[in-house]
Amino acid sequence: MSLIYNWMYYIASGGLILIGMYIILVKTNLIKIIIGLNFIDTGVNILLVCIGYVKGRTAPIFSTSRINPTNVVDPVPQALVLTAIVIGVAVLALALSIAIKVYEHNKTLNVTKIRGLKW
Amino acid sequence: MDRGSIKKWLKAPGKMGQKYSFWVVYFCTGCGIIEIPPTITSRWDAERFGVIPVATPRQANLFLITGYVSVKTLRAIIRTYEQMPDPKYTVGFGSCPINGGMYWDSYNTIKHLDKYIPVDGWIAGCMPRPESIFIAVTHLWTMIDKGMATGYIKYREKYKNYRKNQEEALGKLEWPPLYPVGDKNE
Amino acid sequence: MIIKVISIIVLPLIALIIGFFFLGLSRKVIARIHRRYGPPISQPLIDVIKLINQESISHGKLFDMGVILSLAGSVILVLFIPFGGIAPLATSGDLLVIIYLMLLAPLGVALSGGEAANPNVSIGISRKMMLALGYEVPFLFSLLAVMTWYKTTSLVEVVKAQQSFLWAIFYLPLPAVAYFMILPAMLGIRPFDIVSAPQEIASGTAVEYGGRYLALTTIQHAFHIFIDIALFVNLFLGGGNLLTFFVKMLVVFLLGLFINAVFPRLRIDQAIKYCWKWPAILALVGLIIARII
Amino acid sequence: MQLITILVVSFLGAGIVYLTGKFSGRVRDISAVLVSLAVVILVGLAYNQKIYTNFYSLPFLNLSLSLRLNYLSWFFAIIVAGIGFLSILFSLEYIKDYQGVGFYYFMMLFVNAGMLGIVLSADFLSFYIFWEMMSWGTYLLISYKGGKAVAAGLKYIIMSVAGSLAMLFAIVSLYASYGTLKFSSLASLLQIASPGYILFLLLMFVVGFGVKNAIWTLHTWLPDAHAEAVSPFSAVLTGVLVRMGMYGFLLIMYSIVGLSLLHKLGYGLLNFNYILCWIGAITIVIPTFTALLQNDSKRLLAWHGIGQGGYMVLGIGVATSLGIAGGILHTLNYAVCGALLFFVVGAIEHRTGGVRDLNELGGLIKRMPVTFIAGLAGISGLIGVPLTNSFVSKWMIYKTLIMENYPFLAFAAFIGTWGTILSVYKFLHNIFLGQLPEKYKDVKEVPLTMQIPMILLSLAIILFGILPGIPLKVISGIEKSFGVEPLSTTMFGMPKEIGELNLINILAVLLVAGIVVYLIFSLSAKSRRVNQDDNYAAGLFVPRGKYQYSARFYDQAYRIIGPYLHDVVDDFYYWLVGKSKSSFQIVRQIYTGNINTYALYILLFLTLLIFVKLGWGL
């Protein structure tokens, strides 16, 4: 059980990435692909966060003097993920708006039927 | 043959040249073409009189019309005659250009060629022998000496009449008059 | 200097007399080969006098200027080609200049005839050009053979080198033969008179010429005969003094005339193919020999 | 400073002309003429000066952009400026009815400025920069008319870029080897280089410049480009722009590598110069005879542009004093004749509504006499009729070929001249002579601004034909800078030790003979002026305009030589294009256009990366 407990975050993030990939590889609906993309995004974020945490250390917030500066976690991954979430939202919004435009233009969201740039 | 006489040469070189160098454009409309080849080739050799055939009326000064003249060919005859440079001489060969010959009652044959263009000499016969061309040529020599071969001058002077005759026979001619016709030149 | 000026004046006159003599002779000789009596030798002169006194037609300024250019171009060529050792302008132009000056005459005729706006003229010009393309190949090969052999481009030097020892025809027989084979083509006489075929295209470029135009063209033809044959004599037969030069020219001319008298006319494509076949091969072999030795 | 002024005036002038075009068309026209005239004057003032300036030092690579002026660059600069000015002048009326005139003037001036930059630059970096400016500007100008012209422009730019890349390769290699790109320092540094390296350099540069100068096998862009460009620009193309390749040849072969080094390349007959000569000879013969078959007037002239380029390559390939001088002189002469002939075609196009088909024209001498005289002068110059300019240069080339014992090369040059005569006569005849078609009855002579360039160039043809000493003086200066024994010339031809050529004597006797003949002509019986339709037609009267022979002027010759003149090189390039297209088709299969597939590719690639990483880890 400790195995699952220890590797829970990795399993979750891997699972999310795999699901996202599956969606992207198999599904033909553009909205679904975008959702898959978001799955991957989330999975990668979780992965980054859980890699960035070292067991037994604390957050680098020097609120009390007891915290040893050598005993803190590197804050960069978390900050990075925070940014990535924002970027992910922006990408999602952009992708969705493109999807809307694609739909307006082609009257379909099925990527196999959109043949404007294909031979 | 007085081609060698220097005296005459010096007097009027142009006239001498006219006499002894007839460049002929043959207009073989009907009969008569058979008589021409022996005349200009080895059998009778017209070249010894300075007579050679040329291809275009621009270079010619002797116009030889052999055989009958139909209405259709009259057009070409007039055109050819007008394109020849002065001084030029015309010889009708055979009876048909003179008076229609055996086609005297044909609806489509010109009976009197000299109504349409001036003719300096006639060779009668049907057909005349090739030698008669030489007789005509020597006659022309004497005529040129005496100043009698003046067909081209006559054509210029009486062009209005000739043109009228031509248009009577052929209808309106496509080409403009060679010499001015009209009231102002009367 | 005075001698030079006199020779500049006299030489074209001599060339004119010889040219007219050749013209008359050709008519007489051909007549005799045809078993005719033939006209007197002075007949071309009579013709020219008649033509000068005859009226003519003109199609425009270029029609006149082209004929004048053609004759003038031929006249000055005489001054560049040594005639019996006399060449007043040989120091002003060599063989290359002569080759190019030979252009002026056909160019003038072509321009003049072009303005005449007669399709027969155009056909004649196009045939003349094509024939020229045909005979220029062996002509240039044989000229180059001579120039390569004597290592000079000056015609006077070529003649001088031949007079000191053997004539070029003994060293370079093949180019000489090739040149001789195309001589009728250069002169535009049978079997290469397709250019001015009277029966087909009404004497080609001369179709609109009459009177003085034809007279100048005839004079130009006389010069042309003189020039082409004099060039042959200078290149291959070693020049000579005035008398021997004339005799050599006469021999070459008569030999060419015999060919002229008995052959029928070649079609233009046959003429081109002929020129590019035997004369060209002969001259090329001669040139290779001259280059290697 | 003077050189910078020239470049600044020409580049800035182009911009100013474009900007003024936004406000007023008339001001734009005037300012375009003024700018190009200013450039001519500035270049002319720089005659006989030796200048070297560093105008910009790059902060990296230890390179600097520099300019220099010597006889060679001045010679080419004056041609560029002169032809540029005349073509701008010619454009004024010609280009009026087109769209985007401001852009046209801008590009014309820009390309001119680029060419000036090429000839004035003193190191390969600035040379390359200006070279690319010129190439791309040319591309835009060739495609200016749209339609077919776009394809022609594409063909040009593809070949041009290929050539530029070859050149860039050589330049980079030079920089890697010597660390400098200055012509003067490279010239001394290369003297100790191995022959193999120099051969490599020359090969690369020959490809680069050969595309521009259209030597055989690299020529196929030229006919299309010349035919489809607007006529004033075709004049610039054929006379000047293409000859930038010639400048490059002279620069690399004689200015940088040098004559003594060239002689060491190869042994026996297999040396660089001899092979270049043969390429030149082939470039003469095949294109001039191909020109025989053309019925499009501009295409015909374009093929001649290639052929005359062959004479220049042949001349400089022989590498004698006479030959190099002949090659350079022919560059000038062809620039004059070629530009003039394209102006003539432009004038015809302008008046007949863009008709270029030779079979549709005819008889225009009656309507456009000035243009006819210009055309006559142009073709005489192109042929090299004595007393016109090309005669001297061709004479020099022939003479040196014969004296150097290359009779076969001389034969190729001679027979090329005959091909030229035939085809340009057809050009003149079918446009100006013969019967005037009814539809061109009301054609008028071109306006004065179009006549002036033609008249000036015609005069130049005659002037340089009688006084070849003028350009030859500059050329002997060029040869001195090459280290070749400079050619000593007289004003009217050649001194005795070089050969027999005295043009003033020829002119004098021709004039005297002409006057005598004219006297005979005018004293004999007068002639009657007749109309054009009064023509011998076997006794018939043929109405005006129906009595013309021009279609397939050399049909019999065409039948004999036509099959051998197929442009195999062009076919080869098209074959290459077809083959590469089919091979790229395979690559194209990968891109299905489905997002899923691309995602799969990404995934596969990541997997590959992981495996690679794991493999390294082990």
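Structure notes:
The chains carry the letters A, B, C and D, assigned in the order they are written, with residues numbered from 1 in each.
The rule we apply is simple: a residue touches a chain if its C-beta (ideal position, glycine included) is under 8 Å from a C-beta of that chain, and two chains touch if they have at least 3 such contacts.
The structure displayed is predicted, hence computed values, not measured ones.
The central chain here, found by comparing per-chain C-alpha centres with the mean of all protein C-alpha atoms, is D.
Averaging Cα coordinates per chain places chain A and chain B 112 Å apart.
For the pair chain A and chain D, the distance between C-alpha centroids works out to 62 Å. Between the CA-based centres of chain C and chain D the separation comes to 36 Å, rounded to the whole angstrom.
The centroid of the Cα atoms in chain A and the matching centroid in chain C are 96 Å apart. Counting partner chains per residue, chain D has residues 534, 536, 538 touching two or more of them. The set of chain B residues that touch two or more partner chains comprises 56, 58, 83.
Annotation for chain A: no residues touch 2 or more other chains. Under the contact rule stated at the top, the pairs of chains that touch are A-D, B-C, B-D, C-D. Residue ranges on chain D touching chain C, taken from their complex, read 363, 365-366, 376, 383-386, 391, 395, 398-399, 402-403, 405, 407-408, 410-411, 414-415, 418-419, 421-422, 425-426, 428-429, 432-436, 493, 496, 499-502, 505-506, 509-510, 513-514, 516-518, 520-521, 524-530, 532, 534-538, 547-550, 553-557, 559-560. Across the complex, chain D is touched by residues 8, 12, 52-60, 62, 64, 67-69, 71-73, 75-76, 79, 89-94, 96-97, 99-101, 103-104, 107, 110-111, 114-120, 122-123, 125-127, 129-130, 132-133, 136-137, 140-141, 144-145, 147-148, 151, 153-154, 202, 207-208, 211-213, 215-216, 268-269, 272-273, 287, 290-291 of chain C.
Listed in rising order, the residues of chain C touching chain B in the complex are 27, 31, 34-40, 42-43, 46-57, 198-199, 202-203, 206-211, 214. Residues 3, 13-14, 16-18, 20-21, 23, 41-42, 45, 47-50, 53-56, 58-59, 61, 83-87 of chain B are the ones touching chain C in the complex. Of all residues in chain D, those touching chain A in their complex are 588, 592-596, 599-600, 603.
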